[in-house]
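These are the structures, in C-alpha cells.
Shared between the two complexes below is chain A, which has chain B as its partner in the first and chain C in the second.
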Partner chain A sequence: MGTPPGGAPAACGPPVPAPGGPGGPGGFPSGEARGSAQGPAPRTPASPEGSPAGRSGLRLPRGVWALPPVAVLALVFLYPLGLVVQQSLTPEDGGGAFDAYGSVFASAAFREALWTTVWLAVGATAGCLVLGFALALVIAFVPFPGARAVAKFIDVFLSFPSFLITLALLFIYGSVGMANGVWTDLTGTAEGPFRFLATPWGVLLAEITYFTPFVMRPLLAAFSQLDTAQLEVAAGLGARPARIVRRVILPEALPALAAGGSLVLVMCLNEFGIVLFTGAKGVTTLPMLVYGKAILESDYQAACVVAVVNIAISVGLFGLYRVVSKRAGA
Partner chain B sequence: MSGIRFEGVSVAYDGATVLDSLDLTVEPGEVMALLGPSGSGKTTALRAVAGFVRPAAGRVLIGGRDVTALPPHRRGIGMVVQQYALFPHMRVEENVAFGLKARKTPRAEIPGRVAEALDLTGMAAYAKRYPRELSGGQQQRVAIARALAIRPGVLLLDEPLSALDAQLRSGMLAELARLHRELPEVSLLYVTHDQVEALTLADRIAVMDRARLQDCGTPQELYRSPRTEFTASFVGNANLLPVTVADAGAVFAGRPLALDRGRAAPGSRATLCVRPHLLGLGDGPNALSGTIAEVQWRGSTHRLYVDVHGHRVKADLPELRETPALGDRVTLHFEPRDAVLLAAGVSDA
Partner chain C sequence: MLVHSRTGRWAAWGLFALLFLPLFALPLLVVVGASFATHWSGAFPSGPTTGNYTAAVRGESLQALTTSLVTAVTASLLALTLGTWAALAAAALGRRGKRALDALFVLPVAVPSVVVGLAVLVAFSRPPILLNGTGSIVVLAHTVLVTAFAYQSVSAAIVRLDPAYEQAAASLGASPAYVLWRVRLPLLLPSLTAAAGLCFALSMGELSATMMLYPPDWMPLPVRIFTATDRGSLFSGSAVAVVLMAATLTVLLAVSRIRTRAAYR
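After this line comes the complex of A and B, so read on.
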C-alpha cells in the first residue's frame, strides 16, 4: 500500500520539484519528470569522415568512393542499355538514324501494342488501387483472427514470380481448367464457357491479382502509422464508418496510394511473364512485341526501337510520379 | 441535460477483467474525475461510455437512455484525448466542422457554430491553420472546440493535459474550469492519473484501482477523510502508520496518540493516515521522533523523510532556515484533528 518511501526519492527526482505544489505524487513518474530526464541532447555519433585524426593515411576526395559502384553499374547496366539505344539508331541498310523509328511508329502492330500496353497497365493499376485499398482497410481496421497472418502472407506474396499467378488462374479458368471441367461435367457439353483468360480481360485479371499486394504493402504501413484515436474521435463526433474512410483514412493514405499505384503502373507496363503465360494470342504488349521482334523475327533494330519506347514511358512515368509525390508532400 | 450512469458495468479482454462491475452516476452538469493509476480501469470506463468497448455485463446510460448497444456515432458525445487526434490534413475550421457535417447539421449553420466553438476556446485567430502549425496547447484547444461544436450533453476527456508541459497544464486546467462555467449543462467525465487535476477540476472524484471503484466523493471528502488506504495514499500521498486502537486514540509503536476522528473498537488494528503537510517540526501533541533519512528542497517547502520506529514518514514543511542533516534526530508532531483512522488493510508503509 502506498509507495515505499525508500524508493521515492529516486523516482521523484530532486532537481525538478513538481509544480503542483506540496503533496505532489511521490512515486509516480509525471510528465515533467520524464521531460527533464531527457535533458541533455543525445550526443550524435561522430561521422566516419569527421574524425581525420585516425585516418590521415586515407585522405582521398570523397567522390572516389563512388567510383567502384558507378563503374560496376555502368558496365553491367548502362553499357548494355546504351547498346540497345545505339542499335535502335543504327540503320541496317543505309538511310537516316530515325528511319527505324519512323517505320515502327507507322506500323499498326506497334500502335496497337502501345495502346494495349497502356490501357492494360492503367486498368490493372486502377483495379489494384481499389481492391488493394479495400483489402488493406479490412486487414488493418476490422479485427478478425488471423489478420496478422494475412498481412504476413502479403509480404510472402510479393516474392512470388508473376507467372505463378497466371499458372494458378489457368488451373481454374483455363480451357481445361477446373471451372470449365465442372461445367462440362454438369451440362454434358463439350466446352466450358470460361474462355476469357486468353483475352485482354484474362491478362487484366491476372495482373490485378498479382500486383494488388504491391499496393497493399505501402498502404498497410501507412495505416499502421494512423492514430486510431482519430478514428475513434471521428466516430464519437457522429461519423459513420463510410465517412471515416472517405474523410479521414483516405486523405491520409493518399501518399501511400500514389506510391503503390505508380509502382504497379510501371511494373504493369513492363510485365512480360503474365501476358506470355495466359497464352493470349491477341494480346500484344510492348514487351511482347520486343520479344517477338527480337527472338522470333530476329529484327533487332525494331526490337530495340520498341524497347527504347518502353524505357522512355517507364522513366517518364517515374519522373511524373516524383513530381506528383513531391507536390503531395510525400 | 444528460448525465451518465454505469450500472454494474464489467469489461474483460481475453478473459482478464479490466473493469469490474462499476456502479457510478455522473449527474447532469457535473464534473466527475476518474482518478487512478494506469491499469486501474478508468480509461476502460470512459471507452465504455464512448462505445469503443462493449461491456461483458451491465448497462451504460446517457441522459437516461440505455446506450449499451448503440454504436459510437449514435451516442452524441464529445471526446478529447491525450494526443489531440486532430485530422492532420484538415484546417482548424474543418476539424471543428467535422462533427457538424457528420451529423448533417444544416450547411448554413455550420460556419456560425464553428466560429462559436473557436471563440469559446480562444482559437478563432487560427481557423485557417493546419494542426501541424500549432503548439501542443493550441492543438488541444482545437480538439476541445471540435468536441464542443456538436453541443454534446456529455464531454469525455481522456488524460487531456498529459501531453502538455507543466506550466501549460495549469493554464489549461483553469481554462477547462472556465469552459465548464460557461457550459454548465455539459456533464464532464475526466480521466486522469494526476490528483492535482482531479482535485482542482472535479465536483466529485471516483478513485479507481485494479479494475474496481475504490472510493467516490467530493475532493474535500476524499482528501480530508479518505475511506481506504489506497485513496489516502493516491490522493494526497498520505503517511500510513499501523496502529492499535485505544480508548482515547491509538497506539503507535508503544506510544499513545490522541485522535479526534475515526473510532474503532479498542484493541483492534487500524491504519493512521496523516497528510505530510499537516506534520510540524519540533515538540507538540502526538510527537513522533526519528532520524532524517532524506531531505528534499522544493522551493517553498522542504520535504523530510524521517524514519520513525522503522516506518518512513514524509513531512512537508515551510522552507526551513536550517536544513537538518542526514541522520539528525528530529521530532514531528500533529494535531489530533488532523489524522484519520482507517480500517487496516494490507499495508507496506
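After this line comes the complex of A and C, so read on.
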C-alpha cells in the first residue's frame, strides 16, 4: 500500500493513509525507481545513523534537536489531553474519583451512543471494504477509457470535508429531494418512500460514501504492483474471473484491505461532521455525546469521561492499524 | 485484463457506473446544482438563480471565507514547520527514538478531533495560557490536528531521500546547517509543498474541533455552512459549500504547480 506523499499520484492527497503505513520503509515503486536511476546510489534508504547532524561539527547530542518539537507538541496536545483525563477523575462535589465514570456508564444515553458508534463504524467499514474492493477491481483490471480520470477524481473527493456528503444526501433522499421527487412524479402519490436520512441508515450511507475512497487508494496502489502475468497464466489455465479474484487477487490485496479497513474503522469511530449534519436526534455517537455534554449542556466532567472512553477505543484501534499496516508494508 | 469476453466487460463497466455515479459523482453534482437554485421540488432543482452566490461572497460568508483562509494558511505553515523539524530530528535519532517520535506525532490522528477540541478548550480556558474566545485557539487546534499529517508526509519523504547528495556535500566540507539548507530541504521541497497542500485542505474542511471552540467573531466556513443548513437555508449553504470546495481546489492546484516546477530542478 502506499500514498507516496511526494509522488505523482497523490496530486492533492488529503487525509488518506499517510497514517503510519507509508511512513515505514516500505517498497515505494517511485522511490526505488528514482534511487536506481541515479546510478550508483545505494539501494537501501537513508540509514538513520547516516545523518550529517550527528557526524560532524555540532557538539550537541543528536537527541537535542528533537526536543523543541516534542516540547511544543507536549504543550499544545499532551498537556490538554492530560487535563481532560484529570478533569474526568476530579469529582465536582466531593466523592470518589470514579464517581463520574459510574454515573456516565450507568446512563442509558451513553450506552446507546457507545453501541450506535460501534455498529455504525463496523457496518460502514464492512460496506467500504466490499464496495472499495469491487470498484478498485474494475478500475485496475477491467480498465476503460477514463479510468485514470476516475482515480484522479477519487483523490479530489478525499480533499473535501465529510459533511458535504450529508448535505448532498439531503437533496437526493431528503423529504422533498430528488429520489422522492422522481417517485411522486412516477406514481402520483403525495409522498415518496425514502425517509431513512434521519435514521442511523442515513449516517451509514454517508459514511460508506465518504470513506470508500480511503479503502480504494491503498488497494489501487497494491493492484498496480500485481504482476498481470499471474492473471494471464491463471486465465490461460482455464480459471474463470471469479476464481482468479478469489485465488490470485484477493490474497495479494489482503494487507492493503486490512490497512485501509482499520484506518476507516478508526475514522468512522471519530466521525462527527456527518452525524452533526444529519441532525437526527435519534443518532448519537460518542463524539456527538462529547459535543452535546460540553457545548450544549456545559457538563464538562461528563464530556471528559466520554472523551476518555472515546480516546481509549480509538487509540487502541489505531495502534492495531499501525501494526497491521507496518506488516503490510514489509 | 481480467474479463476477456465482450459482454462480461460491459457488465463489469455497467456495474461500476451503477455504483460509482450515484454514490460519488451525484453528491457533488447535486450540491453544485442546488447552489444555483431556490427550490427543490420534484426530481430537479428549480428557480435558477445566482443570488446564493452573491450572498456567499459578501457579509458574514465573505468573513467566514477569509477566516477559513487565514486559519488554514497559518495552521498549515505552523504544522509544516513543526512537522518538518520533528521529522528531520527523528531521522537523526536511533531506531528506538524514531519509533517513539513516530508514535507521538501520529497520536493526534487517532484521537477524535472532537476530543482534541475539548482538550484544547479545557486547557487554554484557564491560566497560565488564556486563549478562550480568540481566533488563535481555533488556529492552535487546527495546527495540532494537521501536524500529524505534515510529519508523516515529510518523514516518509526523508526515508526515500538519496543520502549520496548530503554525504557528497559533507565530504566537500559543508557544515551540517549548510547541508540541511542547501541540499536536504531543496530535495524535500516537493514533499513539503505536497504536505502543505494536504494540511491546507484538511484545515479548510475541519468542522469537529472547530465546533467545540470557535468564538463568535472567528467563524470558519464549515461552521458557517452548518449554521446555514441548520436554519434550513440549504441552498445558500450549498453555495457556501461550493465556494469552500473551489477555494480548496484552487489552492491545491497552485500547490501542485509549485511542486512540478521544483521537480525539474
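The rule we apply is simple: the second predicted complex is superposed on the first by the 256 of 330 C-alpha atoms of A that agree within 3 Å, B and C clash if a C-alpha of one lies under 4 Å from a C-alpha of the other, contacts with A are read in each partner's own complex, and residues count from 1 in each chain.
Note that a contact is a pair of C-beta atoms (placed from the backbone, for glycine too) under 8 Å apart; a residue touches a chain by one contact, two chains touch by 3 or more.
Predicted, not measured: the structure shown is a model, and the values here were computed from it.
**Student:** Quick one: name whichever of chain B and chain C touches more residues of chain A.
**Tutor:** After superposing on chain A, more of chain A is contacted by C.
**Student:** With the two structures laid over each other on chain A, which partner does A:Gly238 touch: chain B (first), chain C (second), both, or neither?
**Tutor:** Once the two structures are laid over each other on A, A:Gly238 reaches chain B alone.
**Student:** Of the partners chain B and chain C, which touch A:Val176 in the superposed model: first, second, both, neither?
**Tutor:** In the superposition, A:Val176 contacts chain C only.
**Student:** Let me test your reading of the model: by the given contact rule, A:Val150 touches which partner, first (chain B), second (chain C), both or neither?
**Tutor:** A:Val150: touches chain C, not chain B.
**Student:** Is A:Val130 touching the first partner chain B, the second partner chain C, both, or neither of them?
**Tutor:** Touch partners of A:Val130: none, neither chain B nor chain C.
**Student:** Check the residue A:Phe163 against both partner chains and state whether it touches chain B (first), chain C (second), both, or neither.
**Tutor:** A:Phe163 contacts chain C only, not chain B.
**Student:** Of the partners chain B and chain C, which touch A:Val323 in the superposed model: first, second, both, neither?
**Tutor:** In the superposition, A:Val323 touches no partner, neither chain B nor chain C.
**Student:** For A:Ala97, select first, second, both or neither according to whether it touches chain B, chain C, the two together, or no partner.
**Tutor:** Neither partner.
**Student:** Thinking of the overlay built on chain A, is A:Ala71 touched by chain B (first), by chain C (second), by both, or by neither?
**Tutor:** In the superposed model, A:Ala71 contacts neither chain B nor chain C.
**Student:** Starting from the residues of chain A touching chain B, keep only those that also touch chain C in the other complex, and list them.
**Tutor:** 4-6, 12, 14, 18-20, 22-23, 25, 28, 31, 35, 235
**Student:** Chain B touches which residues of chain A in the complex?
**Tutor:** Listed in rising order, the residues are 1-6, 8-9, 12, 14, 17-26, 28, 30-32, 35, 227, 229-230, 232-240, 243, 247-248, 251-252.
**Student:** For the complex, which residues does chain B have touching chain A?
**Tutor:** 37, 50-52, 71-79, 81, 83, 85-89, 98-99, 102-103, 143, 146-147, 150, 156, 162-167, 169-170, 193-196, 229-230, 232-233, 236-238, 240, 275-277, 293-294, 296-301, 303, 305, 312-314, 316, 345-349
**Student:** Would you tell me which residues of chain C are touching chain A in their complex?
**Tutor:** Touching chain A from chain C are residues 1-4, 8-9, 12-13, 15-16, 19-20, 23-28, 30-31, 33-34, 40-45, 82-83, 85-86, 88-95, 97-98, 101-116, 118-124, 140, 143-144, 147-149, 152-164, 166-167, 170, 175-177, 179-180, 188, 190-191, 194-195, 197-198, 201-202, 204-208, 211-212, 222, 225-226, 229-230, 234, 237-238, 241, 244-245, 248-249, 252-253, 255-256.
**Student:** Which part of chain A faces chain C closely enough to touch in the complex?
**Tutor:** Within the complex, chain A contacts chain C at residues 4-6, 10-15, 18-20, 22-23, 25, 28, 31, 34-35, 38, 40-42, 45-58, 62-63, 65-66, 68-70, 72-73, 76-77, 79-81, 83-84, 87, 131, 134-135, 137-139, 141-144, 150, 153-154, 156-157, 159-165, 167-172, 174, 176-178, 181-182, 184-185, 208-209, 212-213, 228, 231, 235, 241, 244-245, 266, 269-270, 272-273, 276-277, 279, 286-287, 290-291, 294-295, 300, 303-304, 307, 310-311, 314-315, 317-319, 322.
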